[in-house]
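As structure tokens, the structure follows; a few thoughts come after it.
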Amino acid sequence: MPLTPEQQAEIDQQRATPRQTLRAVSEGMEKHLYTAHPVLDHGFVRAIDYMGDDSAIVQAARVSYGAGTKHVQNDEGLIRYLMRHWHSTPFEMCEVKLHVKLPVFVARQWIRHRTANVNEYSARYSILDREFYIPEPAQLAAQSSVNNQGRGAVLHGEEAARVLALLKSDAAQMYDHYEDMLSQDGQQGLARELARMNLPMNIYTQWYWKTDLHNLFHFLRLRADDHAQFEIRVYAEAIAAMVADWVPLAYAAFDDYRMGGATLSSKAIDALKRMLKGEDVTRETSGMSAGEWREFMGVIADPA
Amino acid sequence: MPLTPEQQAEIDQQRATPRQTLRAVSEGMEKHLYTAHPVLDHGFVRAIDYMGDDSAIVQAARVSYGAGTKHVQNDEGLIRYLMRHWHSTPFEMCEVKLHVKLPVFVARQWIRHRTANVNEYSARYSILDREFYIPEPAQLAAQSSVNNQGRGAVLHGEEAARVLALLKSDAAQMYDHYEDMLSQDGQQGLARELARMNLPMNIYTQWYWKTDLHNLFHFLRLRADDHAQFEIRVYAEAIAAMVADWVPLAYAAFDDYRMGGATLSSKAIDALKRMLKGEDVTRETSGMSAGEWREFMGVIADPA
Amino acid sequence: MPLTPEQQAEIDQQRATPRQTLRAVSEGMEKHLYTAHPVLDHGFVRAIDYMGDDSAIVQAARVSYGAGTKHVQNDEGLIRYLMRHWHSTPFEMCEVKLHVKLPVFVARQWIRHRTANVNEYSARYSILDREFYIPEPAQLAAQSSVNNQGRGAVLHGEEAARVLALLKSDAAQMYDHYEDMLSQDGQQGLARELARMNLPMNIYTQWYWKTDLHNLFHFLRLRADDHAQFEIRVYAEAIAAMVADWVPLAYAAFDDYRMGGATLSSKAIDALKRMLKGEDVTRETSGMSAGEWREFMGVIADPA
Amino acid sequence: MPLTPEQQAEIDQQRATPRQTLRAVSEGMEKHLYTAHPVLDHGFVRAIDYMGDDSAIVQAARVSYGAGTKHVQNDEGLIRYLMRHWHSTPFEMCEVKLHVKLPVFVARQWIRHRTANVNEYSARYSILDREFYIPEPAQLAAQSSVNNQGRGAVLHGEEAARVLALLKSDAAQMYDHYEDMLSQDGQQGLARELARMNLPMNIYTQWYWKTDLHNLFHFLRLRADDHAQFEIRVYAEAIAAMVADWVPLAYAAFDDYRMGGATLSSKAIDALKRMLKGEDVTRETSGMSAGEWREFMGVIADPA
């Protein structure tokens, strides 16, 4: 459980005091506000604030004086049109602010999405907590033999036990040393900005992260994808579940056109046209490389 | 009056229906929401939405679980500290969305502030209204003789009358021709995306513009400044008045450190130190150019 | 011809004085440097500077100590892989700086691409030249009856003549008035920052525009597309021709995966799979809207 | 010495083969190209590419057809004017690409500067080297007792020896375990993307980092400042030394107005005016807080 009783009390207090506003309100997002959705062993994602809803997207696209269109069906059609034609600016008119607790090595991937605002807990200024990410046994996978940046089979038995034991004992030892360095007898201890460098990258950090819906969709497309590392994918999935409640029409369009969609090259489109006319196209006659062909097959092949 | 009765009715409806939210609420900003504050002869600025308040800045700076500090005084001290030390990220945690109606030549300056989200009314898709900015006589200034990008004395009498007459008759004529081109007898008329090119740049356009508080402060510092062109400065001033109600502590810090502050070069600081020791420093002994010295004098000279 | 003899002389001089450098050099781009490629009636695009070449993309992707891979074929394969998998950061390692002369209404579309650096010729500071975009007769199209932001049939005969006459006489008159306002007898004339507002949006402006290759590809995908307005598309095409010479491998990958490619929704992929199994899928059984179906047919239908 | 003979050979080869270009060339930067300037115990900064020079700033500010002004003195005056008046866009017209080797905890601070392009060496894909930052004894400082995010006195004797021993033995042990986990007998070993999480944050990583001169100046102002952590400041200083050779006029203006300059609040300016009139202003009569007053004194006090 990642929260202390004091933290939970602060959250409860914020959830207990609704106020009046004239702004657009998303009931779906209100129910998530402040609540910490657990991710990994000590992490969480919680929504701190949001701006806009599905109607706000329509309203901005029309530069209108009032709210969105009169009919939900019209809003949906327009939102799908905007998504299909890469009109990204109306989606930028929604904004969300999240409080995330996550291991440092995940934070290092996450921060590469630059179009966002970030305030991270400072280990120059404050002392980090003794919390490290230790994978579930099911996540202790071997290096993939086909994909240089992926995972292969899950480790078993002694191998897995040995890795887990190392991760746990190293984390404990490093944190002990961190504390030792910070509090030396008879003096003030090593500066925090130095002591932190001895901590391993599975220690947890926290940040406030704020971005607009367009850039959030871009983040989700890359990080909720199968090729993303498991440890960031679970954060993306937790966020996606909230977004589906926040802006259901926009999320459905995103899911159809981006998450469930695929981009085909001109070679792939050419192959498709020939296939649809009954031709038996092979990789050799398609002009594609082995990698392109495999990915193309992955799009059009029926898993059944 | 820039609004039609239908537009005003839409605004009134939005202001009449408060809803409950768990989000941070700024009472100062709620009173502005949707209301169109007039700017120039046909323009306006109105707040459509906002995220965060003074406490949200503190909350983000501390990556906290609850709201800001317990005491307003502490919030104020921290906000001033953040502003003084250029810690910009906590201010980025507030966001505002505005609906602005403005002349095209003002929009062309405004859009140069890139860190913002924009949806502009499309003259490819829609027909623009017959509304042009015609300056007040007091704004009809001659080219400055000392500043290549500034204004000098106000025009008088016949000169002013002649300019005003030209602006008015040209605007009327160009809009007549715009209408003519759009609606030609017996056919559909020239494409809107072409016809618009004949319109002068004092025609009004509209957009939704959304930005965070840090970038908004940067906009205000440059555009509410004396050196900014009058026609964009009045927009900046109208926005500044809303921001002062929205985040009063942050705005006061901005006003003290940025709007009312000044940046001195190392040469200027050196001159100051010598002056404080009683030395009679001149431009020649300061090492500054004529322009630098004039601006330095502008900072330290008492207007009285 | 958009250049004065003096301007041409400056360009000739820059092209006449090669210097030595240790940087990556693209022979394909060197041949374009400084030369003004004409666009529209008075506009141009000319490359002022560039950073990087195809090898620089590979070098950055590998964070290598030397140049790219040893073999061009390997570079090509890696570049295609990066493009296919949306690894955008290596493409950001190339940069280009252009000098563009373009009508103001085109500049207003262009500037919406925010991830770029821009210095525009200042009409606050300087006086604009008497140069206006007057379309070729073949470009005088009627408003499309099926697409609210497109063009339909070309205007003919008297209609076309009337539009052309209006555009020409209005441009001449407005520029005459601009000059009148700037130079009034016995005084300094209206401030330039005010006089410019009376100019129509087909007047030409100029800017220096600098962006990285990833963002340039995004610009080209949207602006060299059939749906883009003709007047900006011709600029995009002129730039694309230079990029094809500058980074031929990256451009070929872009052309295959982005310009010639297509994004399919999950509904479209589902329909495709059924079609490939021999099913006769119709719009009704596909679950797509009329617009989606039409666009889907546009992707897979053989134009022959 | 951070480079292997093979790496040094690649660098030597690149430096041995000058080519011809028509682009602007900065002789000052050419001499740095590819050379690795050592920073900390295993890190370096080396320039991979650059775009533009001092003249390019002037050329962009004037949107000119040729190079900068005819006279260096004019270029200098304009560059100083642009810097003084926060005209940032001409400085954005210069760009630099660096290859940096740096400890992870430094990289985590650095990456917060978002307006830059980055390709980092991937520890998902590749195996990191056994290289850790171990501070010089002179850098082993205690936590500051007055500044929560600063350093105090240097540790001495046994205390320092104990910290150093811990850092060294922990780094060695963690890297041993990293290798153990990657290469387990009879199987492929733990996935690299997982094994890396057990490494401490003083391990070295590498990246290509590209940014424009305006944003680089912003980086240098914050990171070459006394308040920056020593371990990032030394990188900023190494970069600053190269920039001074690359664009000497722009760097001199930056040094005078930004690095050596100071921003005063309206309260501070008011106090100054009173002081210059001979009044004996105290903190109490200035209206400043203790922190503001201390910093104000730091600006105007003579260290002698």
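We just call them A, B, C and D in the order they show up, numbering each chain from 1.
As a convention for this text, a residue touches a chain if its C-beta (ideal position, glycine included) is under 8 Å from a C-beta of that chain, and two chains touch if they have at least 3 such contacts.
Just so we're clear, the structure is a prediction, and the values are computed from it rather than from any experiment.
Visitor: Residue numbers at the chain B-chain D interface: does the shared fraction exceed half, giving same, or fall under half, giving different?
Guide: same
Visitor: If you fit chain A onto chain C using only Cα atoms, how far does it have to rotate, to the nearest 5°?
Guide: Answer in degrees: 180, to the nearest 5.
Visitor: What's the distance between the Cα centroids of chain B and chain D, rounded to whole Å?
Guide: Taking the average C-alpha coordinate of chain B and of chain D, the gap between them is 33 Å.
Visitor: What is the distance in Å between the mean C-alpha positions of chain B and chain C?
Guide: Chain centres of chain B and chain C, defined by C-alpha means, are spaced 30 Å apart.
Visitor: Roughly how far is chain C from chain D, going centre to centre by Cα mean, in whole Å?
Guide: Each chain reduced to its C-alpha mean, chain C and chain D end up 35 Å apart.
Visitor: Two or more other chains in contact with one residue: find those residues in chain A.
Guide: 89, 112, 118, 120
Visitor: Considering only the defined contacts, which chain C positions touch chain B in the complex?
Guide: 103-105, 107-108, 111-112, 114-115, 118, 122, 124-125, 133, 135, 139-145, 148-152, 155, 159, 162-163, 166-167, 170-171, 173-174, 177, 180-182, 184, 187-194, 196-202, 229
Visitor: Quick one: which bits of chain D touch chain B in the complex? Just the residue numbers, please.
Guide: On the chain D side, the touching residues are 77, 80-81, 84-86, 89, 112, 222, 227, 255-257, 259-269, 272-273, 275-277, 289, 291-292, 295, 299-302.
Visitor: Please output the residues of chain B touching chain A within their complex, sorted ascending.
Guide: That would be residues 3, 6-7, 10-11, 13-15, 17-25, 30, 33-34, 48-52, 56, 59-61, 63-67, 89-90, 92-93, 95, 97, 99, 117-121, 206-208, 210, 212 of chain B.
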